[in-house]
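What follows is a pair of complexes built around chain A, which joins chain B in one and chain C in the other.
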Partner chain A sequence: GTTPLYPSPMTPMTPITPATPASESSGIVPQLQNIVSTVNLGCKLDLKTIALRARNAEYNPKRFAAVIMRIREPRTTALIFSSGKMVCTGAKSEEQSRLAARKYARVVQKLGFPAKFLDFKIQNMVGSCDVKFPIRLEGLVLTHQQFSSYEPELFPGLIYRMIKPRIVLLIFVSGKVVLTGAKVRAEIYEAFENIYPILKGF
Partner chain B sequence: MTGRVCRGCGGTDIELDAARGDAVCTGCGSVLEDNIIVSEVQFVENSGGGSSAVGQFVSLDGAGKTPTLGGGFHVNLGKESRAQTLQNGRRQIHHLGNQLQLNQHCLDTAFNFFKMAVSKHLTRGRKMAHVIAACLYLVCRTEGTPHMLLDLSDLLQVNVYVLGKTFLLLARELCINAPAIDPCLYIPRFAHLLEFGEKNHEVSMTALRLLQRMKRDWMHTGRRPSGLCGAALLVAARMHDFRRTVKEVISVVKVCESTLRKRLTEFEDTPTSQLTVDEFMKIDLEEECDPPSYTAGQRKLRLKQLEQVLSKKLEEVEGEISTYQDAIENELESSRPKAKGALANLTRDGSVEDTTSSVFGEDDAEDEELEAAASHLNKDFYQEILGSGLSSSSEGAGDPDGDTRPPALESLLGPLPTAASLGISDSIRECISSQSQDPTDACGDGELDLSGIDDLEIDRYILNEAEARVKAELWMRENAEYLREQREKEARIAKEKELGIYKEHKPKKSCKRREPIQASTAGEAIEKMLEQKKISSKINYSVLRDLNSKGGGGLQEEDAQPEGRTATRKLSRRKTPARRHRADPVTGVGKRLRPMVSAQPAKKAAAGEPLPLSPSTLGAEPARPTAVLVESGPVSYHPEDDPDEDDPDEDDGEPCVSALQMMGSGDYGCDGEEDDGY
Partner chain C sequence: MPGGGHCPDCGSTELVEDSHYSQSQLVCSDCGCVVTEGVLTTTFSDEGNLREVTYSRSTGENDQVSRSQQRGLRRVRDLCRVLQLPSTFEDTAVAYYQQAYRHSGIRAARLQKKEVLVGCCVLITCRQHNWPLTMGTVCALLYADLDVFSGTYMQIVKLLGLDVPSLCLADLVKTYCSSFRLFQASPSVPPKYVEDKEKMLSRTLQLVELADETWLVTGRHPLPVITAATFLAWQSLQPSHRLTCSLARFCKLANVDLPYPASSRLQELLSVLLRMAERLAWLQVLKLDKRSVVKHIGDLLQHRHTLVRKAFRDGTAEMEAGEKELRERCQGPEQGKEEVASSSLDLPEGKRPASPTPLLPPCMLKPPKRICPPPPVSTVTGDENISDSEIEQYLRTPQEIKDFEKAQAARQAARSVSNPP
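Entry: the complex of A and B
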């Protein structure tokens, strides 16, 4: 990224948290809603074979070059590419994501490919929570200009890009907050703990 | 009088003569500066006899066509393109801005934004029109003009969200924080379009007041400002006895009818709506409402909680009822005859289906428990459909079905492909065995850890033969077109391969500009260049090193001469790349290390040095026109050169790979001029 030239000198936001006593009392824990992970099955795959012999697979080569497979438990969707790489989305926890990815790998194995399970990595985690009081977004965008972006014409929520940890938060007037961009669960909790006192001030 | 100090005498009295262009100390007379750059106007004579001033007009915004000193080939090209981009952008900004009726100041600011965007390479990969529109909208926001993003998207016929994305990116990259939109800005504009005549001002005032009230009631956060304006204007119009229908308002304000209605109902929910017109104009209620989305959310939460409480209560009651039911049924069963044949079959089939569907995923013991629980909870449901005697028989039927379950499973799984039939039994065994050997190291190994995965469940996801055939047929039909295209493409490629003209379209690698080599002598430059380019082993490095040694002796002279020749050739090459067919002996014999010629930095460094040598080499040249030199290097297309080329060093039988090509002269875009080959 580029080093931004701040048009107006503002205090950085992170040091706000430690001093205020209100930070302890946020008894709200964000719930994880979606986890995106990738894994390498380690072998080339024939997508046509997979699509034609799996019950839960769809493959439309004209539109997208991957097989879309779904399983019911845990309820997830996977994109399987011919290079052997796979993306698994929709799980609600890290363990579930791993289990789902393994199930997909097992299906591919049973269809006749020597699938392995290399480099499982969680790429993105999405969480949401409710602070239970309305938030004045215009005020927030005035004081936290460098981090917030609020365009009511385009999107009803305020997009807050926290720098440490590197998380994007969507803050809505009804008090609901969506946090995304985390690689580990702790980042989501930390981000929420950081934003809660700021939001209380509005 | 520059105020400088003379170097000779230390005096400060320095005379500057602008016409002669020098600075002289009046004390000792030493010239301090010569050839000073002057800014006088000079005149030249035209062909017609008149005189005109010497000079060029340089435009304010475009790049001046300054001649770059030195290797300006690429830099020149880049500047041209950048200037063109800016010019193009300026033109488009003016065109679009005039349609929006923006003043000149705004357009200039927009152009500045555009220049910034171009310098940060934000125009790459984006349509120019989008970037222009984003710049213009940014100006509108910072200046506070009542232009919406919708207007721009109307003019350009582009999706407003696409424009919005570009705009957000631009604002973020340029670190410009556009202030949030105030709906009050749009009121005058829309009021004018709604044609209120003389009462325009009053209606606008009322609408503004309404808007402010809405703001205090938290209705405007997160909403499109145009929708709020529409609602406010509608109410204000009605308050001043103007009949403006919803349709008229939405055609001006550009929101959907349902949005407008929703805003109106939300406003209705606020206590302010209860006031009369006069009261509203005078009184300002103190209390503020919560935003509608918040109240809606709270209501939903409350409903959900109520539901939960109710269902819990229901369960308790159900539990009580079921105990009574059990007692009653036991009594009935003992007193009632066995269920009739048809009904029993029906129930049996029904329960078989249930069990077979559940058998795939669950263990036997679990299944029984689940069945019992399910039947227990749904007792009243069954009763409603099939009579009270059914539940007992289904429970009873559950147990015998448990015994029949294993054979049913096999019969169903029979047609499924087994591991052996697929031929992957080995790999599966390997997977499972390796997993059992290293259960902890499963992830490190890359082997699939099968713990927690139920094989039966996985098998459910694989089709059997018949199903696979049907699916294949359907899929082929769906994707027939695509398959046909693929086949045609392959056929085309195969044909081209046969003809030998198959060109594989690899993604183009952009040519990397290398840093110019800093070196003090030609030899150093050559060495550094060789390091950089990692030339082949076929070059005789010892000979290369000997190049630099000067002095008497035939051999050394010979060395010096080729160097000189190469140097002069380098010079000539630089100046006249296309003129290879000169009958110039300089470019003739002696192409040792001709490949060196392509290296520009070496050229530059070497050019200066051997210049003095060239006159001497020229003299020496005619003395030995037909000397047979032991050469290594390719031949150029000079007719006099052809006879005596002997290449012990580099002749490896390959026809067209010259050292020049190996060193990649193509990098410099000078492909055309140097196709030296055999």
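Entry: the complex of A and C
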């Protein structure tokens, strides 16, 4: 026969998603430490002019082919290239990174260039947190060998390359964890929730 | 063919040089007659004299391999021989080098990188056979910078998708300890300093295991810990004559380099031993310090498992309890519970030492350098209005621009005076 449109009282509907998640959430939220973003100002720039007329600019063409500019709020650094492309680093949130990039674009505009604000994109996000217990890195590299690299002769931390989401984690013996490679904030949170139960096992 | 050679069989002048097996031959390209032979040995005679003929020599495959790669492969074999590795290691390392060379990024790399790649292939081979070769040794032999080595090593492991086991600590202890020149008297080693190799090895291994258990090894370079452990093992085997010898002097007379972190590892290891000594009834009364505890290392190692359990409590439990205590203290006065001291079986009430320290890595026991307050929650949307005055603070005034240009010109003039063309 056909299935009834409304369930009968004998077969009550149950919610599809459980009220409590299957595993306990860690209760720790990684803090964002650095955001790297890029934007295209859409016009060619004369770096010598910028370095001459801006107070907050540094330009050593022999060392690096870009102007290094800094602003105080949000506290960030920008690399401005003669092609008109710009990299903005140091912000603590996506919104701050965008605000900072807009301010750099305004500075360039006021210096006499027809700067636009095209294709703003967050390229990398770095977060960190502390699980507050020590971790046996030598044990972790044995059981998760396909994702881990631990070379104490080179670096004190274990480098964990998570596949889903595609995030790189630096795990230290003190329990501090650095997460990088994210394009969106949710990837950092997801990566940490994935690693926490693994770390608890060590 | 120049030189006017004729084939004795058919009289043709079309003679070509052909390298075949281990000799070069002059062969007539018309009738195939071998006109002259080079060296008077063939693979047959080589085998007869029990000399191995390598595959590459017999097939001329080296003709297809670039000179750069051939040089690299020779360097791999040389390095294996210098390190006196078993012959099977050589073949594996060579195979890795060839595998790496198939990638365009490696083929186009600088010579410095290709040289370092030689060391990487040998190191990976050793690690896979649990042969305790350190990166420091490889870099020293190649006169390479550890930074360059590190970059190439990480890249090649990822590129070839290799599983490289960790350095085996126990094997490293055996190899490293054996290199200490303390097992025979010499002009630099007085007789009281000479030690039995097996005794020293066994005690060093126990000390390294103790260091590993008490979080002194994880995250740190393995060698300095072993240096410190070797020193303590040696001192403790004859403390009356050796307590006056410092770590630096010990390494000098043993003809071993003293790694910089070794002194720090030594202090950490002594602290662990002191904590353990506090749990041993007949040592507690002696009020030991970092020097006198060395005399009792033998006893401490004998009972190390029990002592570590007694001297240290679970670090995780301690941290959680400590945080709970802090929260309770914030909520109400005099709420914090006293931490329960260890069992009273070993010592009487009055003489019980301070409550056990948590078993944690040293970096977690040190107070934080600066307390970072959590950043205030940001309300920035990114779409805020940007005022002109805020941007203008970053622009130079016309006067400033003039001054800057003047200063630049003056610097330019000064430069051209000091460097006349």
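One rule holds in what follows: the second predicted complex is superposed on the first by the 178 of 202 C-alpha atoms of A that agree within 3 Å, B and C clash if a C-alpha of one lies under 4 Å from a C-alpha of the other, contacts with A are read in each partner's own complex, and residues count from 1 in each chain.
Definition applied: contacts are C-beta pairs under 8 Å (C-beta built on N, C-alpha and C of every residue); 3 or more make two chains touch, one makes a residue touch a chain.
Predicted, not measured: the structure shown is a model, and the values here were computed from it.
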item	value
Fit-or-clash call for chain B and chain C when the two complexes are aligned on chain A	clash
Touched partner set for A:K92, first chain B, second chain C, both or neither	second
Which of chain B and chain C A:S149 touches, first, second, both or neither	both
Partner chain in contact with A:G157 - chain B first, chain C second, else both or neither	both
Touched partner set for A:N56, first chain B, second chain C, both or neither	both
A:P74 touches, of chain B and chain C: first, second, both or neither?	second
Contacts of A:F117 with chain B and chain C, given as first, second, both or neither	first
Which of chain B and chain C A:Q31 touches, first, second, both or neither	second
Touched partner set for A:G175, first chain B, second chain C, both or neither	both
Contacts on chain A seen with chain B and repeated with chain C across the two complexes	52-56, 71, 73, 99, 102-103, 106-107, 110-111, 133-134, 136-138, 141-142, 145-146, 149-154, 156-157, 172-175
Chain A-facing residues of chain C, complex	134-136, 146, 150, 153-154, 157, 163, 166-167, 215, 218-222, 315-316, 319, 323, 360-361, 363-364, 374-375, 378, 380-384, 386, 390-396, 400-401, 404-405
Residue numbers on chain B that touch chain A, as the complex places them	120, 148-150, 160-161, 164, 168, 171-173, 175-177, 180-181, 218, 220-226, 290-291, 293-294, 296-297, 361, 419, 422-424, 427-428, 431, 442-443, 446-450, 452-453, 455, 457-463, 467-468, 471-472, 475, 478-479, 481-482
Chain C-facing residues of chain A, complex	31, 52-56, 69, 71, 73-74, 92-99, 102-103, 106-107, 110-111, 132-138, 141-142, 145-146, 149-157, 172-175
Partner chain B, residues of chain A touching it in the complex	2, 4-7, 42, 51-56, 59-62, 71, 73, 99, 102-103, 105-107, 109-112, 114-118, 120, 130, 133-134, 136-138, 141-142, 145-146, 149-154, 156-157, 172-176
